[in-house]
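Here chain A shows up in two complexes: once beside chain B, once beside chain C.
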Partner chain A sequence: MGVTCVSQMPVAEGKSVQQTVELLTRKLEMLGAEKQGTFCVDCETYHTAASTLGSQGQPGKLMYVMHNSEYPLSCFALFENGPCLIADTNFDVLMVKLKGFFQSAKASKIETRGTRYQYCDFLVKVGTVTMGPSARGISVEVEYGPCVVASDCWSLLLEFLQNFLGTHTPGAPTVFGNRHDAVYGPADTMVQYMELFNKIRKQQQVPVAGIR
Partner chain B sequence: MADVLNVGVNLEAFAQAISAIQALRSSVSRVFDCLKDGMRNKETLEGREKAFIAHFQDNLHSVNRDLNELERLSNLVGKPSENHPLHNSGLLSLDPVQDKTPLYSQLLQAYKWSNKSPFHGVAGGLLNQESLLARASAQGLRARQRPNSLLPPEYVDDVISRIDRMFPEMSIHLSRPNGTSAMLLVTLGKVLKVIVVMRSLFIDRTIVKGYNENVYTEDGKLDIWSKSNYQVFQKVTDHATTALLHYQLPQMPDVVVRSFMTWLRSYIKLFQAPCQRCGKFLQDGLPPTWRDFRTLEAFHDTCRQ
Partner chain C sequence: MEAPPVTMMPVTGGTINMMEYLLQGSVLDHSLESLIHRLRGLCDNMEPETFLDHEMVFLLKGQQASPFVLRARRSMDRTGAPWHLRYLGQPEMGDKNRHALVRNCVDIATSENLTDFLMEMGFRMDHEFVAKGHLFRKGIMKIMVYKIFRILVPGNTDSTEALSLSYLVELSVVAPAGQDMVSDDMRNFAEQLKPLVHLEKIDPKRLM
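Moving on, here comes the complex of A and B:
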């Protein structure tokens, strides 16, 4: 895999989520990108069960359990600012057994689904972020496959994003700054999705037009 | 001439020996014919076996007989004289009309001359180069025209290890999976990997792949045939092949390898250098993949003219 940048695309004024997604995908097709199937990234939040919390009253840490259709045999478990564990998909079963320690937050499941597009060595995924029944936003993931060091190709990625997203071009993802010339990995992408989902959770629900 | 030949060889025995060889060959093929035909029809199985074994035995006996005959004759034939340094061509020196036809001395001179010039291969390469440039893509042809192992492997190792030390961001791993010709796996920073197939100190073929791409086949050998999955490295592979044709100096193959590696090293900034003409990073989704042979500046393939 290459270096990936995940960002949020605001819903265009006077348009629904679905219409904005269509605008973006049409733009990609005009650029010459080819459709290559679909993708899905999901995330479930767990918090440490009350029984295991110490008497000192320290707040429980949140843990996020995520899946990415790009890695169908893996399951990712992340803490905010913390380590990221990459496990087999059996990990989900393990979480059920750990009910006494980690409890799934109610209605916390958030996911993004959409179409994959290939343009030269770029892989672009535009997805609709949903929580329960409501569409909450748009995710745009751009991966540049040939490069493995984020700082090497950030300027190049930025040029692509500017062509594609115009004024909504994001800044460099925080994971890019963490390690200077480290090899970029799948966990870095999951951290970006986790941050994006957390941001969207805190945002106001978009108007009724966004509900699909 | 006849008496000259008689000095070493008994001609009559020679002729007999040749017919003995023919006899031996036909008796041997009779043995195999018999085996091939197998057992013939006879009333009983026992009868069939007996007949077959008897027939087979007869054939083997005649092989034995013919072989003994050939051995006897070969002793009579005698050995051709071995005092001549150039073996049978030495017989030429016995020609009594030496003064008129100085074949033998001319032969000796030619032999010495060809022995003394280890650079004849290089000269051949130089001559071939002209036609080579016209046929830029004829890689396989070039391989055939080149002298095979001109330089000792130790020399090649030495040149490569000196280049390896020259560039800290470039690591070169040399292996010889197919005998004397070396294969290099060049890793350039965390940007790309290059498989270089050498013939002596000449570079025959290069394949450029991504840092995260697999360069080995399933049985653990360097994969010199499959191309990169990424368009950017397919493009760089094409340019590297062009570079091989550009950096040609058959008298000094080590300089060629060093120039090529210096050029290759400029790809360390493959994703970081904008095009020197249009100032952009991307054109049709590709970064500037071309590097000028002299200045090493980055250009898009379409921006370089």
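Moving on, here comes the complex of A and C:
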């Protein structure tokens, strides 16, 4: 586990999501990055069922329950700007029991899947973000393995990102700011994915012609 | 470098419906030593294990008549151990053929920000206590002998007071639903602890 930056790559002009993903992965292969299987990050949204609203009078908060193939036995539960709970996968069973209080928002499941590449100390994952049957965007995750303090290796990560993504290089993830000099952990990566998924959810759907 | 195993699908776990089979009893403080001695003889040969846990019971109230109850437990003597979140369903007494109380249960290991997270979910703490005692195992059976302490100042686990002059004894097995045969083994084991302690299937409704 190192320090990770998750960002969105816009679809290249005149290209489809799939073609843009291929462009990126080809670039990695040219660099000499080694293909290491696949990855998947998923996110299910739950909202407070109407039943609890009346008695507590608080606005319905959204809760996100996520999984990451990098941590196959864990389940991450998050609130926006709130705590991130790391639990084992029995947490999914608990959500079934909590059906009367928390309901999964219909058709809100969003996930990203793609190939995992190792390039020296960097782990790169380029994924297609899908919601239901439609491709909604591209996620790029870059992890620098040997360091766990974000502020110590951000410039190194940035240099790699600039080489790889060019003008689409992201700024420092907000989770870095919250935890200055603190040890970076898996929960920070999940917060970044949650933010990315929320951003993509709000964006216009890619026209059907562009999906293929 | 060897590629780590990466599965395409995250393992979305435990759809299996797990049940806890439970027998309960109690011993007075002065009988503790002889019970422990007996258990050491009967149970799996392992290092004597003790525990000191802080348990908080959280409620989520909705419009339903009964609130949703979750138990958060942390070890006070093993720092760095994960927190334990537990859901327990309605206990079923069943008929005479089943020798133990049965209730649905979900056990989850979590990170240490569990209480903050439960509050964020809308849960409120109802009560808390400290449990201190001994743990034994025999196969899949778990035997806990422990004393419950009342917390005098909320949140401060340093000032506690014993709730009674006795120890609670619990014999439990967590198994997939429908495996009622485990209650036979439990009864046989409970027989061997007589007359030091009488473990029974106690209907919690009777105590209310």
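The rule is short, and it goes like this: the second predicted complex is superposed on the first by the 206 of 212 C-alpha atoms of A that agree within 3 Å, B and C clash if a C-alpha of one lies under 4 Å from a C-alpha of the other, contacts with A are read in each partner's own complex, and residues count from 1 in each chain.
Simple rule for what comes next: contacts are C-beta pairs under 8 Å (C-beta built on N, C-alpha and C of every residue); 3 or more make two chains touch, one makes a residue touch a chain.
Given the structure is predicted, the values throughout are model-derived calculations rather than measurements.
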Which superposed partner A:H67 touches (first chain B, second chain C, both, neither): second
Chain B versus chain C as contact partner of A:M1, first or second or both or neither: first
Partner chain in contact with A:R116 - chain B first, chain C second, else both or neither: second
First (chain B), second (chain C), both or neither touched by A:E29: neither
Contacts of A:S155 with chain B and chain C, given as first, second, both or neither: first
Chain B versus chain C as contact partner of A:D88, first or second or both or neither: second
Which superposed partner A:C75 touches (first chain B, second chain C, both, neither): second
Superposition-derived comparison: chain B or chain C, residues of chain A touched: C
Residues of chain A defined as touching chain C within the complex: 34, 36-42, 48-49, 51-52, 54-56, 58, 61, 63, 67-70, 72-73, 75, 77, 79, 82-94, 97-98, 100-102, 113, 116, 118, 187
For the chain B and chain A complex, residues of the former touching the latter: 190-191, 210-212, 229-233, 271-272, 274, 280-282, 284-287
In the complex, chain A residues that touch chain B: 1-2, 32, 119-122, 144-149, 152-153, 155-156, 159-160, 163, 181, 183
Residues on chain C engaged by chain A in the complex (per definition of touch): 1, 3-15, 60-64, 68, 85, 87, 89, 106-111, 113-114, 116-117, 120-122
